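After this come two complexes, each holding chain A, first together with chain B and then together with chain C.
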Partner chain A sequence: MHPQPPSFDRPGAPAPQPSAEPIPTVEDALALGLTRSEYELLCEKQGAPPNAVELAMYSLLWSEHCAYKHSKKLLRTLPTQGEHVVMGPGENAGAVDLGGDLVCAFKVESHNHPSAVEPFQGAATGVGGIVRDIFAIGARPIAVLDSLRFGEPSGARARYLLDGAVSGIAHYGNSIGVPTVGGELYFEAPYEHNCLINAMALGLARRGDLVRSAAAGAGNALVLLGAATGRDGIGGASVLASSELGGGAAAQGEAAPEHDQDMRPTVQVGDPFEEKKLLECSLELLRSGLLVSLQDLGAAGLTSAAAEMAAKGRVGLEIDVARVPRREPGMAAWEVMVSESQERMLCVVEPADALAVLALCERWEIGGAVIGRVTDDGRLRVLAQGALVGDMPVSALVDECPLYDLAPRKPPAPLYPPPRATLAAEATPAAALLALLRSGNICSRRPLYEQYDAIVQSRTVRRPEQADAAVLALPDGGGMAVSIDGNGRRVAADPYRGTVEAVLECAANLACAGAQPLGATNNLNFGSPEKASIAWQLGESVRALGDACRALGVPIVGGNVSLYNEGPTGPIYPTPVIGMVGRLPDVRRAGRLGFQRSGDEIALVGPFAPALPASELAKLRGEPLPDGLAALELEAVIAAQAAVREAVRANALASAHDIAEGGLAVALAECCLSGHLGAQVELGDELFARCGTQPGEPSASWCALFGEGPGGFLVSGPAQALSELGRCTSLVRLGTVGGGELRIALAGTRLSLSLDELGNAHASLGELFA
Partner chain B sequence: MLIRPKAGILDPQGVAVERALPALGFSGVANVNVGRLVELDLEDPEQLQAMCEKLLANPLVEDYEVQLLEESGHAGGNGRGS
Partner chain C sequence: MKFGVLQFPGSCDEVDALQAARRVGDAELLWHGDESLQGVDAIVIPGGFSYGDYLRAGAIARFAPAMESVIAFAADGGLVLGICNGFQVLCEARLLPGALLVNANRRFTCRQVELEVVNGDTPFTRAYTAGTRLSIPAKHSWGRFHAEQRTLQAMEDGGQVVLRYAPGHNFNGSARDIAGVCNERGNVFGLMPHPEHAIDELTGGSADGIKIFESMRTSVSDPAAA
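Up next is the complex of A and B:
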């Protein structure tokens, strides 16, 4: 017993009942992940040492996952304003104007740590969570994309995680009838013990239908919608997201997977059918004008949802845990408050509407219960059958967690060991091209996306491997393109330029589809920010994100940060994942990446300056990461994107493809394979000049074929159209479309591969795991 | 092997059945859980637990019980795991 129980002397509050629960100690706070100084600060804010309910809630809201302690100051530097922004960061999702009355809501979020423990449920509930964010602001979810990172496929763990994650995404997305339209996948050793599962969702809404999450109106009722509450994910947000997976086990000399198994009971189980009902019910409640505000329950469950709603509305909330429908008997008050049971939403309704809201819940066969009310005193009060069991100032919970400055320092020595060489030094260019097409980061993702329903809702105009970005039709005849990108290895080589490249890559993908970017979302996946080297990566990456988005005129309307992504072998590659949404005026003219017609001319467009360091070829050769990437001309790259976009919109081009991993040769092969047409090209002196080499130098051909860098597009079309495009941006004619082979001539050598050879190499994802 | 959802873990199949039965006129149904039964012949029963842990059950969300039957069909022993 605490010697002096805190007094609850507030008018209107129910009489406090003496609690038999012991007051937690500072050691309990430390075990929950708080630091000693944070505990002392919260005691001060609280006016007394917190009881168990309060400490559980503080420990979650003051965790990295909820409070963004190490990233908030950096995130404030990002551009969030723009003419198309309808809803910026801070709400459940951001939204941009699509013209007319229509807006697109979108956001990306990570579910890395839960997925490392249980990939199927981790990925499934990751999709469920991001989809709820979309309908929490009143938009109907129309598409999901996923961004996945695993260790090298030779490891059994990568296979287990990939299979589980892909099945989980398919299980949830397919079941709720939201298409999975795109995504990306990389295999790199630093993700071996800490995979990344980022999911992005998009939704459509009429502008007037958007709803915010701020609670308002003292006396209004707080209604919990959806599934019953069980012990799912108790402590998940805090314990899982803020500790290094496998670290403790490694210290004890145990295998990491066993440690992961011990952590299993905190992972949540998703029910997509429940989510579908919750989605339809929420949207109908909004259409009926019955809701004051709406918020989904994610990490830290009711605690986070209630505190956020109260903080945004500058009001107080009172919740009686006894009124929360339970799935399990004997749950303690704190367990109800922090449970991460899925498929739940919290809403504020006027008392007169409460019955109508509950009736609608009944009709959709979802749970609905009035669990509390809005107050005007700025406190979050937790009751158990009327007895006060927790009482906290909302501002202390949400806004007064200490924010930390980073102590960045560029690492004096390389952080990451060189990759294992898998390509023989004496390999010919043709063998190298096949090896690249066969490699985990480049080979076809067909075995994955075939498991996803990409066309449900009948909006999908371009599916994976048809265009660089997914394209969705809009009711006005226009379209929306979306892409998600982030090559962690290049960011590891140069956090600033690598991040600029990731943003440019996204915009380039949209340009190839003919879309003008409207807004972006980001998921910053990094190691421990308490390490100087990771702090440096994070700082440089966020600086680059801001600079690149400002240069493109693309505001960031929402995002997520996932830190402490480390395993026993060290941190992951710094991985900012960028999701970008754009608009096309005429969806019938959406670009394609594959060659379309024999006889079309092929050209390289843009200020592409290929370089081999940090490329996929360098990885296959086992070369260490360089210290820095080549400088790039941001404005010239953006101008080239604009020129390609306009040409696609004018229907002048038959195909447009952004040159990315594997360089020009891989891009050519991808255009051939997607269009089932061969090509004959000749790489001349102009390309060698761009490599900074002469045709005679031994590395020149390799750099021209496989060098990577931003700002390159491979386009095909009638000669006349290419001439016109060449007046707007730099353009080098390379050859013509046709035949059943890809033939590349350069500097006196020839490379010739049939479409079958290319296709067989490209279709190797399954074999990687054999 | 009898594999069942762990106590307290959300069992979407069980919930669906529990909601569907009253709709068909069966009243008074509660606490529905849906699991599965795996039958197999094997030479080395020592492997059973590892099979359950690695493939047949998901230890995250499921408990399993093993019942060994001799070829004659008589019960030969059982075990439990989670």
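Up next is the complex of A and C:
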């Protein structure tokens, strides 16, 4: 028995009549976040001042979060085409060709503002939302990665947010049977009041099984799947994501500022069990050929889902809110339309299939209700028990929100105060190496990733900290590698070069696994674009993203923008987070980061030119950010990546690791720890020349050990293999694998640390979870 | 030889279990709402979060129509393997002694663990010899095996302690390092680690788990030898 009839015919029903509610004023529109001129424009599009239902819907769809009004013009400059692109930006997720009949769907999305208010549910529903984007296009979700930013771990608030967010990701991802295979985490003071929670999901599908979200076929039924609708998350998108957090005065180290606590009711609550059933049911509905189109409900709920489906299909939709299954009584029509209750999907179904769709919903024990129908007049109509309560042109809702030009200006003075010094000026190189390994941005993530199921679905070939990228096996014997990256501090120092470095870092991680990049997704996390300095960061960063992706031949197939990430102490570091997916032909040859065999030779590969400004060592020393990073040779870096990738694919190398935070010394320690093997290396004149210094200069050793920059790989393998690699790219032999300690000799001094000393320092994050 | 893998709403590792079973025989999914077990020769209750683990892990799944049939199947001597959530379901259904409590570290933990085969004479472990070390992934938040001292002693004496965590690998705090137990009759076996994930070095860290499925196949085709 179904509580709702499966069709949406209204034989004999009275013609829709406009309701007699009072018409909201311009002040109401301003309170909902619209500007006066936006309100005037929408009155013009409507032909009359909008009623309460219409204004609620416009205010959400014309919010920054939904309309991208400050970023859309920039995003249009990004490369989105390429031979491997199957689905580009605009759908729920992008997709690239994996060869044969297989495609990989993927996308990254932020849940920053909800997580700053309530980290557990904020992060959990962030995972739920991005996973729905994947199965909305007909792909089975096969992996999740996360990208997290918090204030310094010495602060109670950062630890509270980190613990809550990780628990939330674990709770949701584990419960739906999708492995969390990787991620990244940085602690920096500018994220203290505005943490970042970006989640990326990947899915696998046969090419022919992909489905789009465009509604089609006048007379077809609109079916709402999944959870009942309640008041949770109402106004979340516009009220939360489009305003700055921490409006009240908040002291360092406090729990959530008062203002943020007031916002807690706008954070949605997730139910992973409901999601798991919804996932399986949606995929079974698609397999059975019962759906014309499918769309998930995310920010702005039914409003956004319906408007997007109608706009893409160039059709109209009619929804009766009385048909929407409710979780609580007395909800107004506008509340039903904008609710952000989780675990819901909207689909278009041919009338003859409606019964079969509802029967499958019953089998999976999820809600299913016919709530409306497709029309051919391009209007989105909202009814309440048949009475017309809202009527809007779809094009005005979705496509006609004004887009704004930015007014960028490079800030005349530094935007960010120098970090607090935590390393004594007189520290020895050995003490500095241990301090770096212990530091929040470098220490082992094991206490976090052990809380995630990394292996369910039996595809995970490289688990966290086994390789620079996560590697998943594909049914054809090949594999897929995925990495997510973005060092905000370096982007703050130089928005253009810092962003190029983030893209290169992702590609380098894939190269170490033996994978060729196929496509990328990005999440642009920035402060308020209405400020000239932030507009400048955003513009430079997007320009770099485009340039780097074009140079690599990697199209961007989807992404997300999160603006207004500011707290009482200022904006976050500009944080473009890049997720990149690549393919490797033989998954049995996937690279590893740890040393594998005593006696293997170790070499530095690539045009690595270390520099200390903006490095982790500079941060520990409390040095201010430089104004700009060193120039880099993009083509040479890309060529080095190709050489490493080919060597890994040929099974010539025992290990390959990208040199990143903490420079060469930290990379050596990481290779030792991951492989449980020591190493003896000597850094000679050639490395000092790369630093632009002479061995005698006081800063030379520090720069050689801890300097950072793109384009460096640490590889190990038989001498013969390294000789061959040296014929393709720049290669400097450093030493050999073996023993129980890491010994580094340079410029007449010697540094020697046991694996235990290194490992104990590297395990420091565990103290936060004790 | 056909395995039936029982799927509940919220099961997560049912495909992994199917793949493992298909390495040694035929296998098909069984639906929680169906009473029929489709004539399978052995049952696997896979890992996951049946019914969201709401109320208590395994507590609701125990009442599924298919579970009534599983209980009858076990009473007839049929082989029933419960992995992780499946182990929890079997304890809730009283097919196995004891209960599984929240981990000592109070967190979901995913880690490759080492196990010792204590009893190599059960229908599920006959392909191993006692004392063998296995490397198998574990991943759960409610895996701390608990039973009264009297019960524990009786289990030890009766050979019902089948697998133990090797020293240093009991992260969940299980009593007497117990990782896997069987019923008195020996035809129902539950364990927290995931042998269905350890069937290939590439993705499982080892292939040590496949012998549980091989043991089951042998036991079904040659019950007298068990």
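Quick notes
The rule is short, and it goes like this: the second predicted complex is superposed on the first by the 737 of 770 C-alpha atoms of A that agree within 3 Å, B and C clash if a C-alpha of one lies under 4 Å from a C-alpha of the other, contacts with A are read in each partner's own complex, and residues count from 1 in each chain.
Here, a residue touches a chain if its C-beta (ideal position, glycine included) is under 8 Å from a C-beta of that chain, and two chains touch if they have at least 3 such contacts.
Fair warning: this is a prediction, and the values are worked out from it, not measured in the lab.
With chain A as the common reference, the superposed partners chain B and chain C fit together side by side.
When the two complexes are overlaid on their common chain A, residue A:F273 makes contact with chain B and with chain C alike.
In the superposition on chain A, A:D28 makes contact with neither chain B nor chain C. Of the two partner chains, chain C is the only one touched by A:S458; chain B is not.
When the two structures are aligned on the shared chain, A:N174 is found in touch with chain C, with no touch to chain B. Between chain B and chain C, the partner in contact with more residues of chain A is C.
Of the two partner chains placed around the shared chain by superposition, chain C is the only one that A:A473 touches, whereas chain B remains out of contact. Contacts of A:E365 after superposition: both chain B and chain C are touched. In the superposed model, the angle subtended at the C-alpha centre of chain A by the C-alpha centres of chain B and chain C comes to 60 degrees, rounded to the nearest 10. In the superposed model, A:E328 lies in contact with chain B only, and not with chain C.
Of all C-alpha pairs spanning chain B and chain C in the superposed arrangement, the closest lie 5 Å apart. Shared interface residues of chain A (contacting chain B in one complex, chain C in the other): 271, 273-274, 365. Chain A makes touch with chain C in their complex at residues 167, 170-171, 174-177, 271-274, 276-277, 280, 363-365, 449-461, 473, 587-588, 769.
Of all residues in chain C, those touching chain A in their complex are 9-13, 15-16, 19, 33, 47-49, 51-54, 107-111, 137, 139, 194, 197, 200, 202-204. Chain B meets chain A in the complex at residues 7-10, 12, 15-16, 19, 58-61.
The touching residues of chain A, counted against chain B in their complex, run 117-118, 120-121, 227, 230-232, 261, 264-265, 267-269, 271, 273-274, 327-328, 341-342, 365.
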